[in-house]
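Each of the two complexes below includes chain A, the first together with chain B, the second together with chain C.
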Partner chain A sequence: MWSLISVELYKIFRRPRTYISFGAIAALIIVVQLGLKIDGSAYAAFLMKDINDTLTVDGKILNGYLICYILLQLLLVHVPLLVALIAADMFSGEANLGTLRLLFSTPSSRTKWVFAKFIAASVYTILLLLWLAFLALLVSMWVFGTDDLFLMKSNYVVVIEQKDVLWRYLGAFVFASFSLLTVTSLGFLMSTLSNNSIGPIVGTMSAIVFFTILSTLNIPLYNTIKPYLFTTHMNNWKEFFDIKVNANNEAITGTILNVSKIQSSLWVLTLHIILFLGASVIIIKKKDILS
Partner chain B sequence: MKKILIVLFSCLIFFKSNGFAQVDPLIERVSQKLALVNDYVAEGTMKTDVYFIKASLGKVKVYFKKPNLLKIKKEGGISLLPKGGVSLSINTLLNTKQYNTIQAGTQLINGKILTVLKLIPNDENLDWVISTLWIDPIDALVYKTATTTKENGSYEINLQYGAYAKYGLASKIVFSFNTKDYKLPNGITLEFGDEEVAAKQKLLKNKRGKIEITYNNYTINKGIPNSIL
Partner chain C sequence: MFVIKVQHISKNFGSLKAVDDLSFEVQEGQVFGFLGQNGSGKSTTIRMLLSLIHPSSGSIEIFGKPLHKKRNEILEQVGAIIERPDLYPYLSAKEHLQLFAKVRKQRISTDAINHTLEKVGLAERSHDKVKTFSLGMKQRLGIAIALVHNPSLIILDEPTNGLDPQGIADIRQLIQYLAKEEGKTVFVSSHLLSEIEQIATQILIIHKGKKMVEGITKELLDPQKRIVQIKTMDDDKALQLITTGSFHHYLLPRKEGIFLKLPTHEIPLLNESLIKAGVALIGIESKNSLEDYFIQVTSNS
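Moving on to the complex of A and B:
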């Protein structure tokens, strides 16, 4: 199995296309960091407009932790599109090149190949996420320093002490890995349905955009299906950054407001991964290799 | 006799024209007590209770230097303080000496009969419009103030005293102030679908905010560099 995974990893990282995603993420993060470094105070003043009417805030608001949160908000919506570039090409690329027949004529079973390819695509996804975490969190901490995380949500503000922040990011990145692996498995499923790469890549991207829009629409008709859409749950990494308060409205350090929401989202995402991967196995096992 | 009358009349005109205000003897006693302190550094715990803010208790250091320099710093973190309200300490109010005092009777608060005095500033440049003080006439300690400012709304400060009462320094201070609405568009926060939270927040709007500081100890008259303040 390991040799199959090694082969697939070699194929992924041999292609220049693979590095487009790493480059795109680096470019986006550097642009945002540069902008906030030069003109961050104006951005913070705009965000703090309502608060400044009532309170005087003293401290380093625009620190590495907040920059990372802003970057994750922006990028975790778009990284799935970059994941699709590779995941949706895993079988369709082989079919397009005519190497799928050769692949399945080896002594290893089709199921083994499916799992090897999926694991290789998952390794790419996790590496992309680690790259994102390195640039968004560690580089931001280095450039902007650290302080309490002053998080401005739509209806309230959460102030998380800096000693209480890093484990939340660790949790958020683990959660994000489930989100991105769901996209990987969807792209992977799409790749089993086509003999060229463009269709599955565009199909995966379209599905993500379509379901993301459905998840954000507040129309009662769609509210009933929202809990079943993986895109609804992909954004719940933010739950790691909401905190419980006691009866005196004091935030309780080390707590998460809605743990059950994170748990249920992880279950839904895991079920989607199993469903998409299971469907891929069934399709590949029954597939006639005509290319 | 004529000369004495002229001198007295001249003095009266001089004092009147220079805006010297009548100072209540009780205020004078409070001022004398506060005058014992030239500067202090106090360590304490701060609690922020504002309906739209979730914040934990934080350790703070409060720096004061005569006549009215005051700075509250949270140790290694972000602090939230009522806008303009904290600087309106009793020292700030009384040290100006630019006010008239009106007696407003007595009031029973927490088992103590407190004398109520209203201060009306006679300097138009001062930030506050009127301030009411609830003072214990026995030990000359201010237990409550309610101040209306020109630009930052009204504030109420409740004080409790402990080991440092002889200096007129409180062991606990509670600032109460009006809060305004807080709302950021979902398009900026990228949060969609949390209508339940928004509805709950609406119910709490216009609730008064509170900042509580409980002091553990004071370091008095040891000097503070101006750079801190």
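Moving on to the complex of A and C:
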């Protein structure tokens, strides 16, 4: 199995296309960081304009932690599209190239190939996320420094002490890895259904857009299915940045307001990964290789 | 010993019957020529032998083991190229062989890889990426991939596609060497019938998914019964003479000329009777090739 995984990883990282995603993320993050470094005070003033009269804030609001939060909000919606570029190409790309028949006429079962390819695609996804974490968090901390994290939610403000922030980001990135692995497994499933790459990539992106819209629609008819849609749960990494407060409305360090919401989201995402991967195994095992 | 034993396999794609109740056997050390027109079911059959396509019915045994149960065990000893030589454009020839050696979990030395590339005439381009290769070079690399793990059974689907005349001759020699010197069994399909004629010890012709003829090449192309084409200045007169004379039962129904299948000793007699009848003869051409035999078999069906 390891030899198949290493072969798949070798192929992924020998393709120039693989590095487009890494380059795109780096470019986006650098553009945002550069903009905020040059014109960050104006942005901070804009953020604070509604509460300046009622609240006085000491310290550096526009620190590395806030920049990372802003970047994650911006990017975690779009990274699935970059993940789909590789995941939705895993089988369809080989079928399109004509190499699938070479792989499937070797003495390894198709089930092993499915798992090897899925693990390789997952490694790519995790590396993309680590790259994002490195640029968004570590580089932002280095460029903008650190301070308490000041977040404005829809109708309240959250202030998290800087010593209480890093583990939350760790949790958020682990959660995001589940979200992106769900997208990986969806793209992977799509790739088993076609003999060209474009269809599965567009199909994965369309499915994400479709279910995201369904998740955000506030129509009673759809409210019953929303909890079961993976797109409803993908952005719940933000829950790591909601903190419990005591009777005096003071933040309790080291707490998360709604742990059960994170747990149930992780379950839903994991079930989707298992479902998509299981379907991929069944399809590939039954498939006649005609490409 | 039978290396391949196919019994009554069929494959349906919806209402289309691509392969229809096909049975054949391939013996150890044979070069087995598998012939058929485009769309006759050759590639579907080869894909079934490699477990790429599941048969609708029937059974396949390779090395005496059932393919559906012992697939991995069997495929360890099989090397194959299937139709086009599709490869990874961003990898070099050497990287391809290393990659497939790894897939097969075999420790294949650099020397063995270099030797395989030499065998197919790609040693000098071993570090070049496949995207710079011609179709013929890709075909050679495909064959190298099929050979690198030293398999007992080699399945080659159209191995001379895209090759120049010298390349075709090289592959012919390689196939003969593999069978004669290394004792390998080679199952080869090709549309270049003259090539198959020179290398195959046994041939099977399929048409519309069904077996038409199977036999030893030498026996099928019996030199005692030659197919001849008669070229004259007046074909109508010649045809009239043949149809009304003693040669009429040798006449073959062909639109493209006058063809007869007759014993060798009858050819001078035919020549004599045509001249006597005043038919200006351009030539009598022996057509006892596999190509003629193939056309005869498939057109009769």
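In this text, the second predicted complex is superposed on the first by the 291 of 291 C-alpha atoms of A that agree within 3 Å, B and C clash if a C-alpha of one lies under 4 Å from a C-alpha of the other, contacts with A are read in each partner's own complex, and residues count from 1 in each chain.
As a working rule, contacts are C-beta pairs under 8 Å (C-beta built on N, C-alpha and C of every residue); 3 or more make two chains touch, one makes a residue touch a chain.
Because the structure is a prediction, the values reported are computed rather than measured.
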Contact breadth on chain A, by residue count: chain C or chain B: B
Which superposed partner A:218 touches (first chain B, second chain C, both, neither): first
Touching partner for A:104 - first (chain B), second (chain C), both, neither: second
First, second, both or neither for A:18, with chain B first and chain C second: neither
Touched partner set for A:55, first chain B, second chain C, both or neither: first
Partner chain(s) touched by A:157 [first = chain B, second = chain C, both, neither]: first
Touched partner set for A:264, first chain B, second chain C, both or neither: neither
First (chain B), second (chain C), both or neither touched by A:195: neither
Chain A partner contacts - residues on chain B that touch it in the complex: 47-58, 72-74, 76-84, 177-186, 188-195, 197-198, 201, 209
In the complex with chain B, residue positions of chain A that touch it: 47, 50-61, 73-74, 77, 147-148, 150, 152-159, 161-162, 215-216, 218, 226, 232, 238, 242-243, 245, 248-253
Contacting residues of chain A [partner chain C, same complex]: 3-4, 6-7, 10-11, 14-16, 97-99, 101-109, 286, 288-290
Complex contacts: residues of chain C adjacent to chain A: 47, 50-54, 71-76, 78, 80, 82-84, 86-88, 90-91, 99-100, 102-105, 145
